[in-house]
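In the two assemblies presented below, chain A is common to both, partnered first by chain B and then by chain C.
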Partner chain A sequence: MRPVPAAPRRAANWLRPSQQNIVFALFAVLFVIFSIFLRGFLTADNMLTLLQNVAVLGILGLGMAMVVIGRGIDISLVASLAVPPGLVLQMVQNGHSLPFALAAAFALSLAFGLVNGWLIAYAEVPSLFATLATGLFLAGLGQVALFKLDVVQWSPGMNALTVIGQGNIAGIPVSVIMFGLAAAVVTLFLRVTRLGTYLYAIGDNPNAARITGIPTRPVIVLQYVLAALIGAFAGLVMAASVNSMPTRIYNSTLIYDVILVVVLGGIGLSGGRGGVVNVIIGTLLIGTMLNAMTIMDVSYSGQNLIKGLVLLVAILTDSFLNPRNEETAQQGDI
Partner chain B sequence: MSGPILELRQATKKYAGVAAIEEVDFALNQAEIHALVGENGAGKSTLTKVMAGVVTLTSGQMFIAGREVAPRTPLEARHLGIAMVFQENSLVPTMTVAQNLFLGQEKFYNRQRGIYIAAQQFLQSLNFDVVPTALVGMLGAAKKQMVEIARAVLHNAKIIIFDEPTATLTPEEKKYFFDLVFELKRRGVSVIFISHALEEALQISDRITVLRDGRHVVTDDTRNFDRARIVQAMVGRDLSQTLYGSRKQTARRSGRRVLSVQNLRMGPMVKNTSLSIFAGQITGVFGLVGAGRTETFKVVAGVLKRDMFHGGEVLLHGRRARYRVPAPAIRDGIAYVTEDRKVEGFFETMSIARNIYLGWLARLGRRRMLVSRRETETIGEAWIKTLGVRAIGKDVKVVELSGGNQQKVVIAKSLVQEPDLIIFDEPTRGVDVGAIAEIHQLINRLAEEGKAVVVISSYLPEIMALSDRVLVARQGKIVEEFSALEATEEKIMYAAIH
Partner chain C sequence: MNERLLSLRYRWWPDHVVGEILSKRWTETAIPAIVLVIVAAAFSAAIPGFLSAASLADTARQACEIGFCVFGMSLVIIVGGIDLSIGSMFALTDFCALFCLDVLNWPVSAVIPTTLLAGALLGAVNGILVGYFRLRAFITTLITLIVYRAAYDLVIFRHSNQIAAAFPDIPSWNFIGGGTLLGVPSIVLVYAVVAIFGHVFLTRLRPGWHVTAIGGSRRSAFNSGIPVRRTIAQCYVASGILTATGALFFAARLGTVGGDIGVGLEVTVLTAAILGGISLGGGKGSVAKAVIGTLIVLLITNGLTTLSAPGGLNRMVLASILLIAAMIDIRWVKNRTRIISKVYVSPTYHAMPPIPATDPDSGSPFAQNDRLRNVAEIGVGLIEAPEDIILDHEDNLYAGSRHGDIIRFFPPDYERMEVYAHIGGQPLGMAFDRERTLYVCVGGMGLYRITRNRAVEKATDETNRSLRSVNDDSRLRLADDLDIADDGRVFFSEATVRYEMHEWPVDGLEARGNGRIICYDPNTETTKTVLHGLKFPNGVCIASDRQSILFAETWGCTVKRYWFAGAKAGRVETVLDNLPGYPDNINLASDGNYWLALVGMRCPALDLAWRMPGFRRRMAKRLPVDEWLFPNINTGCVVKFDEEGRILESLWDLGGVNHPMITSMREHRGHLYLGGILNNRIGRYRLADADPNFVQYDVRWGAAQ
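Entry: the complex of A and B
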């Protein structure tokens, strides 16, 4: 005759020590400190640079967030960012029309997402290993077969696409607006559509989702397809803003920054938790940190050291706040 | 012989306030083979886990050779000379027999040749026919058990506890196992073994203890027992004292045949089983652990993950229905309410309403692209009211509810899908007393409404209180069918044990 346990009294939502709120407070504190003590931080110019620099990271973060909410991880995201957009640039350079090049890149992204999804949902390869392998494959394929040079240059035929990476609308850099746009689309997908709800259900408890009658495997495939497409979109924005596609970006530490954004923002690696707001908060914090470190002239290695530390702290906090299997230990196994 | 080597006095173990064993007295003599029998949930495993230091007593005392002890870990129990051989093997499959034997006792310089020679000599001294260099993963069930036993003896165990040792063995292997047990006895080791197989208990044990509902019923010399007396002791409870109310006086008539399973075979658990389920009545399915009840119905509902389907037919409304995933089964009106709600029942980060809404959404499938918050709340509130889910605030997450309320949420999530065939697997496991009656009322109401209801339970009083018709499963088959009026606990139990 156990009584119904009393629900813990809830403090107002914004006061609760969720990771999201901790990170946002941390961002605010850092921002104020840098503004006061770091010369050249709080200038209009620098703010624009900051936003522009993190826009691509933010878009990638959205793709990663969807996968992580569905209890997976997509290490191949940077390959998705580099190769299909690189293909667009290369094909246009070679004289194909832009729509045709875009269609080819779209098909490549789609196929890539489907392969990832099939490996993870149907062949049941752990997402970490599946995407590690496919990412390597795609990046290698690009370098071996698709691109002539490591950096694919922007050609005049691409000019119709310049608008998504360069210039301002009402004083806001276009790349930031693209991030906003992607964030809006992903928000709608996650909150309003049936499939978005399924994604949360699968991340929360894949077995229960299956038994409830949710087609778990197709939804998992979908999440990797969406991630690949978002990655390609981020790549196009990046190529448009720097006027080229440095395909060697695959070998950089960008993927760690993306994971950093997602985990730091409070999207639990155990799945089913968090949303677009978390990506934005994570992006802001990382953007501020990276920008300040650049102004302070911290070396590349020093930056890695700091990022590594922050990621460790974030993952620790995550497993502390969102322990996996908190209740799966069977009670009274008689 | 002096006093007992192991003794428990007034042993009580509670899990979250519910007693798994209560005031049990138990004594084990030197060089004795002691069988422990009882239904599922009678407390056999808990009792032995207490001895092996896996769980600690809530109250009561434990003595070894007259000295009071309280092992808190299996390691402490091992130092006291108690070893337990679990149902699930605790050996490392990728290591050799010898490595497993000496696991945890390796010297700093762990010379392979040395341990192989030592293992060889040791196994020979026990007369065990196992090659010490063989990988444990490659051994059969019986040999694995030998290695486990050898390890226990190597650790100087004076008391060895076996949990269902013969469940996975073939008849020849069983015979060999019994020889091993006698050999242990000759060496002065005391053996406790848990078994569902009464013949085995009668055949090899010196004494038998029967447990029921966490309490000690009787301990006596084996020669004073026969099958009937054991069964009587296992089930002979006073029904008015159970939580489940009295047994049924009337049985509902069978309606239309909804489901028919013919010669279904699946993996090692389902062996050529056939059964029918009818509308408008409750079919109780009883069986002990390993009888394949859950697996059979998981095949029907498309839940079983790995496709080890070997043949047979499932007919739903006379049409062939072989589901590989649950989604199409749900669309055709089959709901499976899981026995393990924490692992595959509910979504713990979501509110009650959202859990139920997900069931609705999954049923609608493609017909609904967008979700609506208002609809979530309406559906959630309606079902919370219908099933009497008690929660403080509707935004409470499901993990924060009591077991009974969690179960109601899981049931609501299935009922919102408007099934005609509802399979309840252990519907009141881990459910608080008040909620049991409510869930039983609900199950009865569903049958009155003309749905075909299946209740799988390993608790006889629950079967007796609910079923209009009882199917008994044993070793992967439905072996017996009773109407509610002719069924008695003794008859059912008799059919269920081998």
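Entry: the complex of A and C
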């Protein structure tokens, strides 16, 4: 007899009730239900709106995903989103050239990522706490030293950048293409490069990775630098699509949405698991729900309430299908 | 001259205190406490009246409201979770209190329990999800944060106008919000009660220990039978109740249900908890840390607000202080044990005269010989570490063993043996009292006794706490040897109060007077320290006048005499000085003199090192323990001395064949029995000219009853 081909096992793997698959199934069910019962949901226009609305969230999710895979968390992502792009807008407004402003914002993002990484990798401050504080610092810095107003307006000098946020290419909104681009780059990084493999190794077991000879600390620094740069990229896309940078976004609960996208998609907070596909699944679920509720004219609070309850159902189902017990739970695994 | 200064410096400067203070658990709170002091000092310098009573009272109300939430968060963090929904719970319970009071017009006595119950229910949702369904705390409470906040937004949308329009004027409600008792704000009193209970709960009560154990290692806690799920769930419920308490006071103080109440509160609360030193991941934390963390965060935010700093600057300063404090705290917690182990060993100056000659042809009473070369051996390979041996009137031979047993060998040939009693710790010195109860000093456990029907009883394991010691010296760490006075009082030595039994050579490296003589009175069941500051007191023996004891100081290389009764009561005199080795046990000889074991011989290198404390300190800091210079205990001898301090003879096994090291010897019917703490045998040496009927018990207590 011939050996069992790999395909059935693969199929079985796809059917395994992992959190990723549960969330995907939930997304599919919701999508089908909305398509059937909700007028105006399953139209090309609405689909594009849906994607456009969640593109920025998706890009941020990619940055967060990399950090979470490396067993960290980056609460400062919204500050990275708001401040460096805000700086670009402000500098151009003040008469600097766009390339110079972009270079300055890049330098700021880079420095911010390095500080985050150093604090977490070398000073060994818990990532949750370190990024909480640095995010606070960066937001404060923006308020005090960089911006004149809370909302930094788009100025004509910025027009070269409009392409990344507005318009369509082959009928697809540019912001969605930007999300796709970012997803492709992150996928390549995680799947093809050696550093990506190191990231998974560190997330899976930092001590083992270190003993194996992986330069864990530099890689951890790198993951926060990349997260900061991705955050800044998401900020530019957002600024280009709404023609301004509302820096008060730092005070919103956006960061919780980002964490939900990542964790619901199936990237465990204990690290070493998941990939870009999980971010896309998480983004789709959140996007579908938000879009449908907007069509149904649910209030913002009502949306949050429903969103939270659905999420709760999702992780509850996961815990029933993949129970954790005290024997396998990790120390400090919150 | 230099050496004189050195000796004075080590005599009066308490080096050892540093290590002892650092090894106290409460020093873990030191860094947050110092940060608090610095912050308070900085702001009171920058802002006049910052620490005035009025300003403090106002800050105190705010601090306690947040402080309750920090307690809840701390409890959840200690049990190994996190509660991000605190801010939303705070808002919802605040609404609940005001809704009941203003809209439903309930009495205050009903509002309070309802609000607390609401908090408990909200917490119970978290608790059931995280505790029983074992969801991840971070993501679960993140979702409940969103859900609770959404619920709050929906309810205030409907009722905020009603609440804003009501101005309840109820004395008891106003008292909660702004009243004082004896000048202290009402909330501070409640907070203090909760804090004290929380401290007792975490440090003294079984459920509190369960909480810490689960946070430290959930797996081990589960395996040792702790109800992990229930305890975790209860912690979240408690977090809800504590948050509701804070919200209740907040509601009474301000009476508003604004849309931004509790927004970002979880960040403040988390910051306070971590800044206080409660480590994320669980198992570590205390009430004091939570209080300190709360105060730091609140002083910083209030101080900056008073300075009317722009919001952004406020944030930057807060973030910087948080980061710096967290970094210092993390470094400190991580390296604390290493720092302690480096500074704990604190050698002192100890000068000794030149070593007396011990060469075989020196003519000195210590001249080496081979008289112990051919002793008979008892129990070779059957016994391990017989530190002391003793014989009773029926010639049975008792010896301690490393495994925590008292072994009995039977006469006449001592071939047969049995476990006479099992104690559990290593038996050291032994003595019979008049009723033939065997008193035993047990290393690490204290003074025990074995009655004639073989029952093992604890005599004592603690003495009075001395006020001059930083270490808690009430517990007995290394009870060593004993003898019993005529009135039944037991005098025993405790070799060191700074080290455990297995670390005793390190005490020799320090050469400080860390030991003491303790008296246990079985008639009153009391224990009292009678002499302290002794350099490793070891052997103890009642002297011939029955009013004094002879005791050996191992690192002092002396034998001293202490009168506990009679005309000279309380006095100490030196009997033997500058011995060539380290004295151990002392016992009676049949001719009225005393046998003394020298467990090891001095060598010029350690004698020199004892005069160079700096050298030994560097050695202890820079070298691994196995490369330290330790006292030699490889070879020793038995000497006989009289009460005037004359050495009469000495017995050696120069080649080190049978009994290289001797810690104890006991004369019995014309034989000398030898024990050694590193030996696997007991020696039996025939004394040619000794009284063949000498039995120590009979001499001490009269003929057997």
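In this section, the second predicted complex is superposed on the first by the 295 of 334 C-alpha atoms of A that agree within 3 Å, B and C clash if a C-alpha of one lies under 4 Å from a C-alpha of the other, contacts with A are read in each partner's own complex, and residues count from 1 in each chain.
Keep in mind that, in the parts below, a contact is a pair of C-beta atoms (placed from the backbone, for glycine too) under 8 Å apart; a residue touches a chain by one contact, two chains touch by 3 or more.
These figures come from a predicted structure and were not determined experimentally.
Student: Answer with first, second, both or neither: which of chain B and chain C does A:Ala139 touch in the superposed model?
Tutor: The second partner, chain C, only.
Student: Of chain B and chain C, which one touches more of chain A's residues?
Tutor: After superposing on chain A, more of chain A is contacted by C.
Student: Should A:Gly213 be classified as contacting the first partner (chain B), the second (chain C), both, or neither?
Tutor: First partner only, chain B.
Student: Counting only touches as set out at the top, which of chain B and chain C does A:Arg39 meet: first, second, both, neither?
Tutor: neither
Student: If you lay the two complexes on top of each other, which residues of chain A touch chain B in one and chain C in the other?
Tutor: The answer is residues 326-327, 331-334 of chain A.
Student: Quick check: in the complex, which residue numbers of chain C touch chain A?
Tutor: 80-82, 129, 133-140, 142-147, 149-151, 153-154, 157, 217-219, 221-223, 228, 264, 267, 270-271, 274, 280-282, 310-320, 322-323, 326-327, 330-331, 334
Student: Within the complex, which stretch of chain B touches chain A?
Tutor: Against chain A, chain B makes touches at 15-18, 20, 41, 43, 45-46, 214, 303, 325-327, 329-331, 336, 338, 340, 342-350, 358-359, 361-365, 368-371, 390-393, 396, 399-403, 405, 413, 417, 430, 432-434.
Student: Of all residues in chain A, which touch chain B in the complex?
Tutor: Residue list for chain A touching chain B: 1-8, 192-194, 196-198, 200-201, 204-205, 207-217, 272-273, 326-328, 330-334.
Student: Mind pulling up the chain A residues that touch chain C in the complex?
Tutor: Where chain A meets chain C, its residues are 119, 123-126, 128-130, 132-137, 139-145, 251, 253, 256, 259-260, 263, 269, 299-305, 307-309, 311-312, 315-316, 319-320, 323-327, 329, 331-334.
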